[in-house]
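Both complexes below contain chain A, partnered by chain B and then by chain C.
And now, the complex of A and B:
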């Protein structure tokens, strides 16, 4: 029986940002994000009150995916951060903190929405111009002739995820592995249109992190009943490969849920099996050495093939199909009855056994130049392994982004301080004309600049969680943390490691009033920046953050449908 | 009859509540509304119609107003917020006039009478004012400012439409992309057909992408399908494509049916050979590309790979129909539901982290790629973009009908040998649609110019049949610009005084036959007059006033609201509350909409 339910009128909230409850929630979210930021960020543990899985993380993706926001505005912010990280894999927390700070600062200065939106848009355009320009002080170009900057990029990615629980030696090991995997995935010597390879990640629990490694080619679990002796008998490669993507289990399940009417004297299962064996004969006749299937292979067929010295790999899974096709050059066969066409066969150069902890793995060596590699990641327990796996995948993605825009930004909060100083300085003299061109008042524009820059500073400040002061030097505008525990006599450097401390370098605490200056462009330094951030990711995060902040400020009315 | 007076009071309070919601979103300085559902959907909008539709209005009066508004929006695609503002202002004006006349309140028949008179005004005085005063003014304005408008009237029109609907930062980017899209699709053939084509197929001609700033929106040549090729082979030149609506696999997929399959000897071979036959017949067609709306079995994928045929699955069937309709497709006779057509090229495009297929047709179809950081915002942008074309369609259709009328009147005039029509004839002979609209006075700058003009002309109409109604309407009209400049009341007054003095100068110049003064009434929103003003259509505004007066007529004619338990029979007269056979008593004082109301069934 259908019932017509009366629809309830929607619940409306007028001027949501002047509502103290909503402001508190925004501040709470900002607090959660900013305490998780950076290498010393505090971990967040997420579990629900009825038990179940407990997650320990400090990354924005994992955090925001599992925390449900009750407030529609926050939900919107959260989705936008998640959409950003899905594309760029980095700078999610930066985006969240900056966006929320910008919203809060606009409220604090009591800026008119339209004036704020126009000014912020203008300022972010200036940022884009500065960051993309040649005279940008916070950009270094990625040098592909040495892997230093690649390793530095990966290194900063990993150190900023404290939930991976790595010590410095392990961090170094993992970051070089990431750089290695990235280099494997770039095709070389292939004429014509080449396409990127991929890295298959296998996680192994309970082993030490230093056991992690990268192999060219594909690693799969060793099939049952395959002995090293069997491989020896095969001799040396290359070996012929056939790959199926239909089930060879002998079931007739693909017709779906229908009644079967079977004639007497007909045994469909037997028929099917016979067909499979015929296929096996055909394959053996074609001198195939490796028989792979995405799905299940009938045990009788497996037995038959093994007897004839064919290595059988079943249940490959959809995820491994594409890498498998790439390294072997085989084409997936879908038909059981017709003979396998000659061009569908592929080749592998050889097999190799590896054992890592409890897992026995079989390495398939690519016959030709293919950009597939397998990364084995080991960690002590499941939670850390999960975080490490995710971090490595994202770090590799970030490295790949450098191919499109071969730059990296200084990490350690230096980009933020530099950018803020540059923006303040730029708009010092031209404020009147800019304000007139935008159609906002002079004071409104100055306040918007102030709000924008202090939001950038706030991001740099969020890197510090131990109650230490953050300083900014008045020459290069880099970020400094006074190292009071330092026992060594080594020269102290700034957040990113580009500038060395000198006695005449004047510094002042961040977010305090100081005269504006143009940051000096650092030339002829022997120092390499230690910490680098992804250029593309940060640029997009900055733009999207400003856009979203404008959107949120623009919302004057919330209508909640409670039906 | 005291109940009838309550009805006016009720309408005023209902409209007041609606106005309060809408007011916040008027104009470029307004804000937007965030709409959420418990299912997690969020929607951001400034679109008057969408805001009010999402409110789930309970009050019958409010719903009637909403119905009228939707009908208006469907026709013009514009002016829903002004609709509510104007209606509320008119009702308030009527209420105040009763107080002013010391009558205390209107009687029911008095109200009906007034409603009829107002409707009459909309037929006569309004038409007069618009055709004889505003249109010539607009035409004069545009000819004076043509040097400023050379960036294209289209940009300004789109700009005027968009600026009130998206946040300030997105407006210029969206305007640029939409103009580019329009120019690329229309290929400089500005006809009503082109615009209606874009408007009606908009859902197929755009692709939404999330996670990128709005600035990344672009126009891509070809038709983008939001799936990647299942089998991709690079090929040059014109390609023969096959459209499939069915899967090649066994066709026993009708779920829920009791089908029994009879398994016979050799069934496996037969199944395969049937498939082989089907595929071989495909090969005979010598196609290079297969587009399918369904998932195809693995063997088809393998077949395509072996024969170097590009295969695209899961194509939206509406998109396939569209492709079929726009290209000279040939329908195969033997296997049903298969079409053959020629494609110019096939490509892969990378949009926001996804790889999509792109089909080039000979008709030079382009796809509008719209980006936004989050899905709710994307929705707003898509909706606005669609609205732009609805507005353009209305404008161009009005112009075409105006042109036809004019041409027939010229034919009549030719017989009486009127020399003064030469100029207008040359005006209409031009093929340039947008220039024609401009010269015919079809557009005016945004920012309340239309309302100021109409206010002025209605008040100063000499031979006006009904001065009281004209005054009511004229006063109410001013509420729109007043809301537009609500953040700065002084600005509103400045603009009004400045505008009135200009009009006076103009009148004097006309009378004296002297040189016309410079029309520098450039209403920009940002008081900086060097920016070219955005434009809006006069006919849309005209339609708005007419629709409001019709809606008002309907509102004022309602005598009583009856609440019935039985469902209303929706015959031809849906809104005939008075015709209900069973009286259940009068509805008590209707309260503002946020409170619970009983719903009439």
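And now, the complex of A and C:
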């Protein structure tokens, strides 16, 4: 018996940002993101309280994907950060912290929305100009003739995720593996349009991190019935390959959700199997050595193929289809009714057995130059392995972004302090004219500059979680952390490692009153920055953050249908 | 000075929790570390050779289970928090690989959580705690590496100082000729091995090693040794003890002394099957292996049945035999055609088919490793459907025989090194514990032979760790906080050793244990070698596995670090207004 309920009217929230409940949630979200930021960031344990898997992470992508928000505004913010990380793989936390701080600061200074939006837009343009310009002090170019800066970029990304739980030796090993995988993914000597290859990641739990490695080609789990002797019998390659992307399990599920009328005495399963065996016969006649399928292969067909010396790999999965196609040059066959066309066959150069811990893997060597490699990542437990896998995939993506814009930004909070100092300094003298041009009052513009810069500072401050002070030097505007144990042996450096400490370098706590000065461009230094951030990712994060903040500030009503 | 500066940051943990509409966040007063300590304190009685069993009662269902190990305990506990689950995950991972060392893992996770909590209370920052504790573990691991003794030495030492107990004497004689031939080639002892071989030919047997790592489970270890002996009779294998070729079969009823080891695959029989075995005994039989269920309805994994099927007919007289009936007829015909005597099935078997098999022994629920072994030994190819069976899939040369008066059967081929340990107990509740004990012993022995090295057990290695930590503390450090952490870690080891001594009954109280340990440490400083905190019941040394121990330590510290660095627990799928959880904030 159904019941008819009276439709409830929609609920409208007026001026959402003046609602204390919503503000509290925004502050809470900002707190979650900023406590997770940086190499000493605190981890978050996410679970559903009914015995589901516990995810331990400090990565924005994983965090925001799992956490559902109740407020539409928060959902909006969360989605924008997720979109950014999907495209750029880095600076998600930076974007979230900066955006939320900008919203909060605007509220705090009680700025008019329109004035704030205009000023922020102007300021972010100045940031873009500075960062893209030649006189930018927080940018270094990536040198492709050596892998140092690539490794440094990867290294910074791994150290910023403490849930990976690596010691310094392991971090070094993994960083160089990432750089190696990146280099494998660049095609060489291919005429015409060349496209990136890809890196397949396999995680193995329980092994030491130092067992991790990168292999050219594709590694798949060894098929259950395959013995090393079977491969020996095959002789030397290259081997002919056929690949199916339809299920060869012999079922008739593809007819969909309809009622089937089957005549008694007719056995569709048997007929289907006959069809599969005919396909098997055809493939054997064509002298195929490797029979691969994305989905399940009927055991009878498998048995038939094995008896004829064909290696069968089933349940390859959608993720491995593209790499498999690239490696073999085969075309995925989507039908089992017609014979396989000759051009659909591919080739592999050979097979190779590998074993790592409890896993037995079969390496497929590419027949031609293909930029596919497989990274095997090992870690002691599942939680840490999960974070490591994600971080490595993201780091490799960040390395790829450097090909488009061959720059990196100084890490360790130095870019934020430098940028804030630059913006403050720039707008000191020109505030009146800029304000007039934007059509806002002078004081409003100055407040907007302050809100903007202190939001940048807030990001730099978020790097510290153990209650230590953050300092900024008044010459280069880099970020510093006071050294409490005063080691005399090693010279202290700034957050990114570019500037060395000296006695006449004046420093002041970061969160106190703004000092206006033009940061000195550091030249002729022997130091290399230790910590680098992705240029493309941070630039985009900065722009999207400002745009989203303006958008959120502009929301006047939230209308919810509660039926 | 320091403390006041770190004060505010400590408060950060204790500040309230933050929450969400559908997601709930809980920032803890390092509740995480406290929880970890609390859960692991429940397993203190599992440390050492004299394990005190626990009853876990399910109030709702009204039944109770007897547990004697950490993984079994965690399995039966309702752990809904994230900490409990992380701990369970860690313990499960250790158990999966080593079948041993989980007691130490849980104990250390607990005491090291306390160390971390204490450090936080003293105002040491999280990153400093992390650095110092990893350094501490490194020092301890280095101590392990240096104090490890080769299995050869252990075996020699034991034979020199100890007359074997009568129970073990027979095994010793049997194993007289059983040397560690594989280990001779190991690079660890290639230098002095040849010499030892010449002078004391009988010393290099595994009995001594097995005894040294039996950890209070002498009876189970004896079974493992018997299994070892049986396996070595078939020369096919190149390893000394092949864990992969080991199966257990639990039989309730007979007393524990009746536990024994048999060649081949042993399993319990139903009454009807017993008569089949009677008929088949003594013949060389053909075998078929079935992957999956043996019934008409079964389809392989990945086969999706169409949802709506209607069978229609245009004839009025339906055939009288059902589909199942026809399938059974067919299956029996095939079995008869290839004169199959034994069918091993990994899934379940159709009841009607089982009833009608008067001349074929059909065994269900066979593990895939067993199927694989029979496949390699007999040449049989596992099939998914019985209709698939052809001449090339049939294996040959299998023999079945009834074992004793129990309703069990042994299925074996001449060449297999598959061995079954038949574990019996008149108390059915103990069967699981005995089986766990057997596997733990088997893995310890296997690991010892793989490692080629052992650590002094019964607290000796941990005593050395205390000593090394104190030594390390003496040198100049740039970080004064580090010494505090290392001192606390040394105290955690003290707790470990004293609990071990208390559980083993060698001391009456913790205070007494601490005195004994302090005495040992003084002696050690005066140049005497470190003795084991207590000795085995018959007065000989106890040893531990190197890899098992070091891995357990590493995993325990990893877990503590994960929890230490976490500040928020986010619970998803909770809607606002549900006040079931205290102090929750909604996002």
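In the analysis below, the second predicted complex is superposed on the first by the 490 of 563 C-alpha atoms of A that agree within 3 Å, B and C clash if a C-alpha of one lies under 4 Å from a C-alpha of the other, contacts with A are read in each partner's own complex, and residues count from 1 in each chain.
We adopt the following convention: a contact is a pair of C-beta atoms (placed from the backbone, for glycine too) under 8 Å apart; a residue touches a chain by one contact, two chains touch by 3 or more.
These figures come from a predicted structure and were not determined experimentally.
J.: Which holds for A:20: it touches chain B only (first), chain C only (second), both, or neither?
T.: neither
J.: Would you sort A:110 into first (chain B), second (chain C), both or neither based on which partner it touches?
T.: So A:110 meets neither chain B nor chain C here.
J.: Where does A:146 make contact in the superposed view: on chain B (first), on chain C (second), on both, or on neither?
T.: Neither: A:146 stays clear of chain B and chain C.
J.: So, A:76: does it touch chain B (first), chain C (second), both, or neither?
T.: first
J.: Looking at the overlay, does A:264 come into contact with chain B only (first), chain C only (second), both, or neither?
T.: second
J.: Who does A:44 touch here: chain B (first), chain C (second), both, or neither?
T.: second
J.: Chain A residues touched by both chain B and chain C?
T.: After superposing on chain A, chain A residues 255, 258-263, 265 contact both chain B and chain C.
J.: Which residues of chain A touch chain B in the complex?
T.: 6-10, 12, 14, 16, 72-73, 75-76, 79-80, 83-84, 86-87, 112-114, 117-118, 120-121, 193, 245-246, 254-256, 258-263, 265-266, 268, 271-272, 275, 331-338, 341, 343-344, 436-439, 540, 543-544, 546-548, 550-551, 554-563
J.: In the complex formed with chain A, which residues of chain C make contact?
T.: Per the stated touch rule, the residues are 5-6, 8-9, 12, 18-23, 25, 32, 79-80, 82-83, 85-86, 89-90, 93, 96-97, 125-128, 134, 291, 299-315, 318-319, 381-385, 388, 392-393, 478-480, 551, 554-555, 558-559, 561-562, 565-574, 576, 585-587.
J.: Sort out for me which residues of chain B touch chain A in the complex.
T.: Checking each residue of chain B against chain A gives 21, 24-25, 28-38, 40, 42, 44, 51, 54-58, 167-170, 210-215, 234, 250, 252-253, 258-269, 272-273, 275-276, 297-299, 301-302, 305-306, 352-353, 373-377, 487, 524-528, 593-597, 599.
J.: Spell out the residues on chain A that touch chain C in their complex, using ranges where they run on.
T.: Against chain C, the touching part of chain A is residues 25, 28-29, 31-32, 35, 40, 42-51, 53-54, 56, 63, 66-71, 74, 162-163, 165, 167, 205-206, 225, 247, 249-253, 255, 257-265, 295-296, 298-300, 303, 307, 315, 380-384, 465-468, 485, 487.
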